[in-house]
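The first chain written gets the first letter, and so on, giving A, B, C and D; residue counts start at 1 in each chain.
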Amino acid sequence: MTTTSIGAYRPLAQAKLEPEIWRYLRDGDDGQNERAFAAQRIYPRPLCDLRGGHTHLDLFGQTLAHPLLLAPVAYQRLFHTGGEVVSAMAAAAQGGQMLVSSLASQPFSDIFAAGRLDNGTAPWFQLYWQGDRERSLRLLQYAIAAGCSAVVLTVDAPIKLATMQLPGEVTAVNLEVAVQPEPTFQGSQVFDGWMAQAPTWDDVTWLRQQTTLPLLLKGILHADDAARAVDCGCDGLVVSNHGGRVLTGAPAAIDALPAILRRIEQRVPVLLDSGIRNGRDAFVALALGATAVLVGRPAIWGLAANGALGVAHVIRLLRDELEMTMALAGCARLADIAPHCLVAD
Amino acid sequence: MTTTSIGAYRPLAQAKLEPEIWRYLRDGDDGQNERAFAAQRIYPRPLCDLRGGHTHLDLFGQTLAHPLLLAPVAYQRLFHTGGEVVSAMAAAAQGGQMLVSSLASQPFSDIFAAGRLDNGTAPWFQLYWQGDRERSLRLLQYAIAAGCSAVVLTVDAPIKLATMQLPGEVTAVNLEVAVQPEPTFQGSQVFDGWMAQAPTWDDVTWLRQQTTLPLLLKGILHADDAARAVDCGCDGLVVSNHGGRVLTGAPAAIDALPAILRRIEQRVPVLLDSGIRNGRDAFVALALGATAVLVGRPAIWGLAANGALGVAHVIRLLRDELEMTMALAGCARLADIAPHCLVAD
Amino acid sequence: MTTTSIGAYRPLAQAKLEPEIWRYLRDGDDGQNERAFAAQRIYPRPLCDLRGGHTHLDLFGQTLAHPLLLAPVAYQRLFHTGGEVVSAMAAAAQGGQMLVSSLASQPFSDIFAAGRLDNGTAPWFQLYWQGDRERSLRLLQYAIAAGCSAVVLTVDAPIKLATMQLPGEVTAVNLEVAVQPEPTFQGSQVFDGWMAQAPTWDDVTWLRQQTTLPLLLKGILHADDAARAVDCGCDGLVVSNHGGRVLTGAPAAIDALPAILRRIEQRVPVLLDSGIRNGRDAFVALALGATAVLVGRPAIWGLAANGALGVAHVIRLLRDELEMTMALAGCARLADIAPHCLVAD
Amino acid sequence: MTTTSIGAYRPLAQAKLEPEIWRYLRDGDDGQNERAFAAQRIYPRPLCDLRGGHTHLDLFGQTLAHPLLLAPVAYQRLFHTGGEVVSAMAAAAQGGQMLVSSLASQPFSDIFAAGRLDNGTAPWFQLYWQGDRERSLRLLQYAIAAGCSAVVLTVDAPIKLATMQLPGEVTAVNLEVAVQPEPTFQGSQVFDGWMAQAPTWDDVTWLRQQTTLPLLLKGILHADDAARAVDCGCDGLVVSNHGGRVLTGAPAAIDALPAILRRIEQRVPVLLDSGIRNGRDAFVALALGATAVLVGRPAIWGLAANGALGVAHVIRLLRDELEMTMALAGCARLADIAPHCLVAD
């Protein structure tokens, strides 16, 4: 394999994908997350003894080889015929974790089986609210039955913008029916249509009671919401601006992270999603206090370019870069990565 | 109608307009207002219950469906043969308000009739000072007789720069004669010519006594002037840098808004003009304290591209974006939009 | 004359000049001064009564129609066959002042005669130190005999970089011989060659005693030097970074102005040179405390494009823009232009 | 020689070099160092008496004509057949010092002989750790035997990224064998492979005991490491981000300098490497407290373009620019260059 940088997979993916699918993948990426990461500066700390260093971590009792999780990207058969199954194979081969979207284009049971780690740990399930509690519960129970090991409720994308017409053969095969806003005879399509299909804090409290699996909320950017999620009994958070795809002008996830961590005072792990493009970005997120990071578009570039091998290679490159950055910054273990590794503003 | 974004109307308008007219429309837009809006970041606040949310407001006793007013753009027949009348029809169809320019290219009575809302509310009249009190009063009385429901005195453009030669068939049909500075034999053309035609604070006090309609001043950027306007008995303000067209290097209107609001302490409503390009911008203006916003160039793009349907569609797109931004930011009503919705500097 | 903006003269000049001469004129203009001006924001202040407003000022007992002085540009016959004489005619026709360079390409007496105002005021003389006191004194006395009304010693360009080979017919006709560094057998060409030809503070003290005309230093950027100049008996200062031509990376003149003004506490007038491109820039400089400004490249664009008419038109356009900016900012006289006219940082 | 600016050597070098070698030379130069230098502003201070000014300095008992040292660039025969020997000749001809890389492509003894100054001072030796103490000591002793006058241990590049396949005839002729990480059967290639080959603080303490020559550490960016190096008995530091080549997103060397100098309180000299492109940059580094600077890429541009003459000319141009900047800033000697020469933030 001659590609030696993650960025090199981007044009390879673009060359393989139909323009409309490429645009759908790129959509919302306005460079804001990237600029926020680039503004951070890492101190080199030479001459440290780093023998035995590693990137292992324990997360919700699951032992992972590295803190680079595959983000829950929908409809992965758009990007490669192997779909979510080959992404899961790649994640498992690299000893890492994957989040499987409610909008997966293959059966949960197949994906969870492919993503099971040698130590038995299964992938996580990303739940999109299904408009009401009954349907949401059925989907949750279906995913639990298929073997997921944690549940991540996405809360930041109540409105699904149909930015692309899906090809007929790519569908959300695990859903009962596609969620469509009910036609409303009066009131606002936004407030009384789409948003009425979205979950509320009451639903989070209810959902917490439906499973003993670890429950995370994905899409938190405000410290008040982070604190409320913990108070509701959530086991973790994913700070995310959905890769810039939902609310134009939301803060960069990495910029929102510090205030959230100050507020929740290490009561639960906080993961960082949105904008991770290389191992240096992952280091920055960990230095600012994230326990792990989610990787979205780069893994899909690998998937589109070269299927399972591409995804695995992207994960490997990210981990190599993370290890080199750690080594140059004098960090032998993830716990050594701390705010003092960065130049203060 | 396949255009689904406001920005897409810009090239459509450019393609329809003569280059000279396009340049006149674009003139002064140096991107400063746009950059000031882009610098603001909005917190997503998921999981709120937003049922029954709406964008209605009451302004000077007028019930409006949304806070997106059409700005008083001169000579609208330059952009579409339907002129101000079709803009007014579109505003009314969308349940919103329109400001009709002193330099309208069609009779006030026709425009006001076209813009009357179902609840009977008529458009507002934008008054350019006519060089002296007698002529200004006659114009005001003419507009009142034609049925306007509020008066907005524009104070920031005393010097009318002739940036374009108007086509013969487009004229300010409601004016007695075009205001021309008197030739001056000594003194400065600026100070003793153009500025002698402009209104003063004494004229504002006088004007206040000529009508019981709501009176607003448009073109305020300094807090001292805002306070003085309120002291003069004005019922509202429009913070504006005239879209950047008058004083090069004036502050962005959105940047000037907070100091003005602090000074006048909610004694009167403050509207924001200049730089609104999408519903997100409107949300930012409301979060910083504006009661409503004026929309200029985007509506004219719609007018040029597709007449009444274009204007109505632009207003609808703006309102949809405003509603989506409100929903994502956890705001069900305009009153919920507050400074804490934005990331503090 | 159809050109209605100063900037439009720039390409006209470029089209008329040999590329080498154009590069020489442009040299050192790295946009820093321009960016510093653009960063300042002016408050519009409508509704003021400005009748009788004007831009007149009294400077060293000289009544000038406006505060826009022509900067001392060398070798003006490079740009137009009429040379300094036509620049001086234009300045006088517009009721303003001109600084005549030691490196003028025409006799002082001709230039001073052409630049004499109706009220009898003659141009100022810009003195380049001539390597020693004797030669400098002879040049000074020659200029005084020719009729100059003030002396401006340029202190910031001790090293004259030969960036261009002058055409044979353009010479510094008023100098005895061109100043050439003596060949040095040991030591540094910079420290013992060029700099040994430059004036020192002792020379300034000596020079002060050689004339009763107003004496200014041009090229001050540090507050300590400003204070020392006043202590030496200088009557005024010109804050300047020589248009960016001498020390790469010197601060913008406009950025250096406030600290200088705080230090010298209005003991002498301070003029601002470097970066004035329009009347708005002049307003900013005056608002920050400058008494007047020097205009270099824009006037030369006018000279190259259209001789005396071009220079006069550029001055007129600058004054019109200054008057309009004053009017929009609510200033009827130069004394009304103050820091509160600008948005504080 | 008609080239009169350092920057003009860049395209000359690019034209001479194979594209792969050019890319290798340019690699890592992301403009960050350059932007950090450009942000600094120097005050012109005219009217000072600067006769007898010079750039001489004494460094570790060595008298140098100027503070512009050649940085230790590896494999210089890649850029010119004359290799390190002609660079050393040029440095000596200009009265300055050179650092000779462990990865020099010619024998140390030849290079040191070529670089010996008239006053007998020999070049410095840059030591790359050779994986263990025995091999590192043999290399050190070999360099000392060849006549080096100081030792600079590079600590910031433990991982040598093979960014280019070397041509067969260019090798590190002074090394016993190329250092290759041992294959590891378990553990991380980064932590247990490459980094196990890197020196530690214990090795620095040990190295200090192996020679009485001045010992410097190169690659320090954190004040804690600077203090520790001094505590270990090091005689000097080179603040460097390795020209941006090692850790993407490390701080600019010039930005890291002030905190380091505050910490070590002038106990040892601190040199600045990374980003020096002209004499103005050197002045800025000295004003911020560096004793001398290292010049890398510009000298190699000169080497590639014109061999020894090119290197010598680049050094001469740098020194001329440094002298002119000193003269314009009112500094006659290096000791006069101080923080007050720069505009404070």
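Here is the rule we use: a contact is a pair of C-beta atoms (placed from the backbone, for glycine too) under 8 Å apart; a residue touches a chain by one contact, two chains touch by 3 or more.
Since this is a predicted model, take the numbers as computed values, not measurements.
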| item | value |
| --- | --- |
| Common touching chains of chain C and chain B | none |
| Same or different contact residues where chain B meets its copy chain A, judged by the half mark | different |
| Rotation in the CA alignment of chain C with chain D, degrees, nearest 5 | 90 |
| Euclidean distance of C-alpha centroids - chain A vs chain D, Å | 43 |
| Inter-centroid spacing, chain C versus chain A (mean Cα positions, whole Å) | 61 |
| Residue list for chain D, restricted to those that touch at least two other chains | none |
| Chains that touch, pairwise | A-B, A-D, B-C, C-D |
| Residue ranges of chain C touching chain B (in the complex, touch as defined) | 38, 40-55, 278, 280, 284, 320, 323-329, 332, 343 |
| Complex interface listing, chain D residues touching chain A | 155-156, 158-159, 187-192, 194-196, 198-204, 219-222, 225, 241, 246-251, 255 |
